[in-house]
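Which chain is which? They are A, B and C, in the order written, and residues in each are numbered from 1.
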Amino acid sequence: MSALLEVKNITKIFPKVRANDGVNLTVEEGEIHAILGENGAGKSTLMNIIYGLYKPDSGELKLSGETLNLSGPHEAIEKGIGMVHQHFMLIPVLTVAENIVLGAEPGGIPYNKKKANELIREISKNYHLEIDPDAKVKDLSVGLQQRVEILKAFYRHAKLLILDEPTAMLTPQETEELFGIMRRLKEQGISIIFISHKLDEVKEISDKVTVMRRGKTVGTLNTKDTNEQELANLMVGREVVLRVEKSEYKPGDVVLSVKDLTVLDEQNIEKVKNVSFEIRSGEIFGLAGIDGNGQTELIEALMGLRQIKSGIIKYQNSDIEKLPTRERYKLGISYIPQDRQQEGLIMKFSVADNLILKEYKDIRYSKNGVIQYKKVFENASKKVEEYDIRPTDYTLLAGNLSGGNQQKIILAREVGSNPKLLIAVQPTRGMDVGAIEYIHKKLLELRDGGSAILLVSLELEEIMSLSDRIGVIHNGVIMDILDGKSATREKIGLLMAGSQIDAKEVEV
Amino acid sequence: MSKVLKSIYMPILAVVIAIIIGSIIMLATGFNPVAAYSSLFIGAFGTLPNIANTLANAVPLIITGLGVAIAFNAGLFNIGAEGQYWIGAIVGTWIGYSFKGLPWYIHIPLALVAAMIAGGLWGGIIPGFAKAYTGAHEVITTMMMSYVAIYFSHYLLEFGPMMEKGSVPQSPLIRDSAVIPTIVPNTQLSYGIVIALVAALFVYWLMYKTVWGYEMRAVGFNQRASKYAGMNVPFNIVLSLSLSGIFAGLAGAVQILGVQHRLYDSFTSGYGYTAIVVALLAKNNPIGVVFSALLFAALGTGSQYMQLNAQVPGQLTDVITGLIIFFVAADKIIELFKTMFKKQKKEELAS
Amino acid sequence: MKKLRVVLSLMLAFVLTLSLLSGCSSATKQQQSSQSNNTTQNAKNKDFKVGLVTDVGGINDHSFNQLAYQGLEKAKNELGVTVNFIQSKQQTDYITNLTQFAQQKYNLVIAVGFLMKDAVEQVSKEFPDTKFLIIDSDITDRPNVASATFKTEQCGYLVGVMAGLMEKEKNSKLNDQNVVGVVGGMQIPPVDSYIAGFQQGVKAVNPDTKVLVSYTGNFNDPASGKQMALTQISQGADIVFHVAGQTGDGVINAAKEKNVYAIGVDADQNYMAPDTVMTSALKKVDVATFETIKNALNNDFKSGLVYFDLANDGVGYAKPIKDVPQSIVDKVNEYANKIKDGTIKVSDQVQK
């Protein structure tokens, strides 16, 4: 094996940030090389440099021994570097084939459909990436769309494939499939750079792993010689507790009871169908499911952000389905929405203002319509300290804080009010190891204090490690509610995919 | 303090660059920028009457600018402040001349409040409800309503019910009891300036210290998060557009009662449009609006004096105004300059 | 940041240096020109200062403001008085600008346009020693204010005579329907006086001619002027007279497009369409301005309404294009003389 890609001492400085600071990386031919690092560690910057999107301020880039001086992605593609971005760059209304050949059509202007399809069949056969060239991209699952992106790279003769957080949007089964593909590609001599912050995946699929922290590469290890704990410590720069330590499950009274709930989406399609479940105090109820299976509509209905078609929502024994959102907050319900920047925070408000986003009308913070900023700041300085929000200047705009600290603002607001019911949707989405550890700790504290928690997550690992009971939703229906201790990954995975019968069999 | 500096630094930079480019243009066309700018300054602030006239010119800009800034704060673009100004002016004029025998302390507030209500209806209730409940874009609706207002004034003044008997399309003079008195004799500066300053303080307090302002700003920055936080988004849209119209309407009435004393037939007062620039330059801060309105008012009065004493065409101030708008709107360009200079510096260091 | 500051200050320094240089040069230029004036002109006249305040139209409006400015320039060149002008940008500038001149001890301040009536009334009261001339208005109760009033029905009459006579001619632009049209702006007395004169002029020489009269209701919308003119042309009008400010631009356009004649107003508008605008009814604001300056200079300032008519060359018609036969021009001049000597009295009331 010889080095395919060599990155030597690359530095890239943005205003105020050294995004890459003397980065070194060597990727051998036919190797799966994981890049591991927290958000903001410089992974994406590095990849964008390799892909020609950024020019490094100093340092050298070599491909097969030849120095690269890329003027843009087109040149990187020409040299055999392919990249699959986290957010796909596909045009939904075009077919698979059209998407793949877009920009490099066979035959030039008079698009030769037959030839394009032929070429794509050939490539998909060579690389074992089965797909129907005539299918419309919008009809494909996320996993298949990703496959189209990979094919796009190989249509352009990629020797090096960069996968940026490829598993973030996939179900466990799809992830397994992707790993299968990656292994086959490796056998064919393709080198893969695999970017992730998920330790278990890195451990499973990669040959080597390079860990980045604060713009620097802190080490390259042979995957088989290391373990998750070591990787996590390298990533964060300190000892990290990976295992969630959970106290005993002591459920109390029913806090939230949902009965026969049916909810429509904007197109009047039933997104939640006759759903029933209960959550007790002192319990974390995990809702597992693939994105888009009715979770959003269910949560919005619970929060009064969306009208329900039928059913009953009981909170502490009173019907709340007709109450407006604010009234539900007042009853002691808290809500961590999925998209912290669009739904949870006002990015151009200060940290202090964001901390009272739901309670500014409360007697504690305003009198006769006038906000008592002295009280607001008292609250802010208390919360900033308690939840370790950094920087500690609460007059800064929320948008100027890092993602992890933004989430802490929401956490401080929603958890800090000691809710009787917390609805947390993907609370650790996009967070790095250290922040996840912190958020999980807070959720468990709340549970032990007697609150009821509805945890919605696409991360199976998170659901399984935190939940006392797990409901699996598929296509708007709760397929089954499992006991948190005995549920297995496979069983949940199958239920998520909608296969109830198989799941039952596994149970037997 | 450094925070204040930081927030006013970009607008000031925009003004400075505009002035510098203005001087280059003057040099290129054979005028002396030092003479021009000094006479511009003297014209605006050189004597007591000049200062008074500058302040007088600032009054409608401040009040209308506040209106536009409120809407901007709520994420809405009230491009129709001009029309709301007209409606306020029409109502203010009508009450000003048609009510007899009222004492001033009833007549003036009556005219002002009626104009505010009319402006609020015109700018807020109609476009506000259209936006909140049908999604009709406020840029379109406020602008259309603006035309309706202006043409309505043409109707009223050109042989309509408000035309003064005589040859010229204009309204009768308002009664003395409705006149806001002048502060500095022989100038146009009336106590309207006090109304403008109080309005600015009020809007500042409203937007930054009250729950209503908090909500409007929240809705302005992020409707989705505001809805998620339990706020009534449509209500806030109507509220902010109404407030916006209320202030534009107030501006129209203050101008009639304090300066014009009657309504003239004209296609545009220009205040509604300049107010947009005023608000932009002020970054929608109500206190900033006062200073930015003063700047544009000074450019206005100063330019007249500049024509007279430096022989520089008054259009030059239009050029400077245009440049300021350009650099304020395009502050990204200034950012770009900054990074370019930074890069250069770094390269210099590296070499 | 530091770099930026350096660059800005360099730019500023550069500008300052240049401006000092240019300042020197322009100063010398001024001196030279004033010297040459000094040698040829009476120094006393030079002390007489005249200020002109335009309305929001500005001095390039091809109309009153421009004509007033021309009169002012003429006074500077022929009488040697010192002149200056300010262009108002908005209505609230009027008082400021008039005051500006009065404060600087200008002897005569000219306000162009009836829109400045309120402003002149106020400022003239505050500065009783300053003389004011307002164009097109009717201030009568001030000893220091002259209001220039134009007998535009007289020049309307003359172009009416010309149009009536032309209807009897034959050429490619004229049909045989014997119809002429007038497009007015707003229906206000200054517009109607023109129209009234035009109607009477046409009837005087050609009683069978039909005169179409319509108003657009504005002075600044050429599109509506064009529309109205096209309507009149479709009804047979082959000569269209406009009294509609900028709206009239559309009228002249329509005439040009449809290959008929147009008659301009206020100033000689032949330049807008040389083959189409056969003449223009002139309101000689330049003459009024110049005459008033001259009178004031000679201590002969008359306050109150000052009439400008054919007799004192305050109104008239522009030199017709060659399509108009000399015989018709002679006839028009005949009528002009009859008006001057009072044989014909022209009414300013429009015939419905």
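Methods note: contacts are C-beta pairs under 8 Å (C-beta built on N, C-alpha and C of every residue); 3 or more make two chains touch, one makes a residue touch a chain.
It should be emphasised that the depicted structure is a prediction, and the values quoted were computed from it without experimental measurement.
Asker: Touching both chain A and chain C, which chains are there?
Answerer: Chains in contact with chain A as well as chain C: B.
Asker: Most central chain by CA mean?
Answerer: The most central chain here turns out to be B.
Asker: Report the inter-chain centroid distance for chain A and chain C in whole angstrom, where each centroid is the mean of the CA atoms.
Answerer: Going by mean C-alpha positions, chain A sits 74 Å from chain C.
Asker: Let me have the rounded angstrom distance from the C-alpha centre of chain B over to the C-alpha centre of chain C, please.
Answerer: 34
Asker: Please work out the Cα centroid separation of chain A and chain B, and write it as a whole number of Å.
Answerer: Chain centroid spacing, chain A to chain B, equals 46 Å.
Asker: Which chain B residues touch at least two other chains?
Answerer: Where chain B meets two or more other chains at a single residue, that happens at 342.
Asker: Flag every residue of chain A that touches chain B in the complex, lowest number first.
Answerer: 15, 303, 305, 324-326, 328-329, 335, 337, 342-349, 353, 357-358, 360-361, 366, 369-371, 373, 395
Asker: Under the definition above, what is the set of chain C residues touching chain B in their complex?
Answerer: Answer in residue numbers: 1-4, 7-8, 11-12, 15-16, 18-20, 22-23, 26, 51, 56, 84-93, 95-97, 99-101, 103-104, 114-115, 117-118, 126, 138, 186-190, 217-218, 220.
Asker: Write out the stretch or stretches of chain B touching chain C in their complex.
Answerer: Contacts found on chain B: 16-17, 20, 23-24, 26-27, 30-35, 49, 53, 56-57, 154, 158-159, 167-169, 186-188, 255, 259-262, 264, 266-267, 269-270, 300-301, 303-305, 307-308, 313-314, 337-338, 341-342, 344-345.
Asker: Would you pull the chain B residues touching chain A in the complex into a rising list?
Answerer: So the residues of chain B touching chain A come out as 3, 209-212, 214-215, 217-218, 221-222, 224-231, 339, 342.
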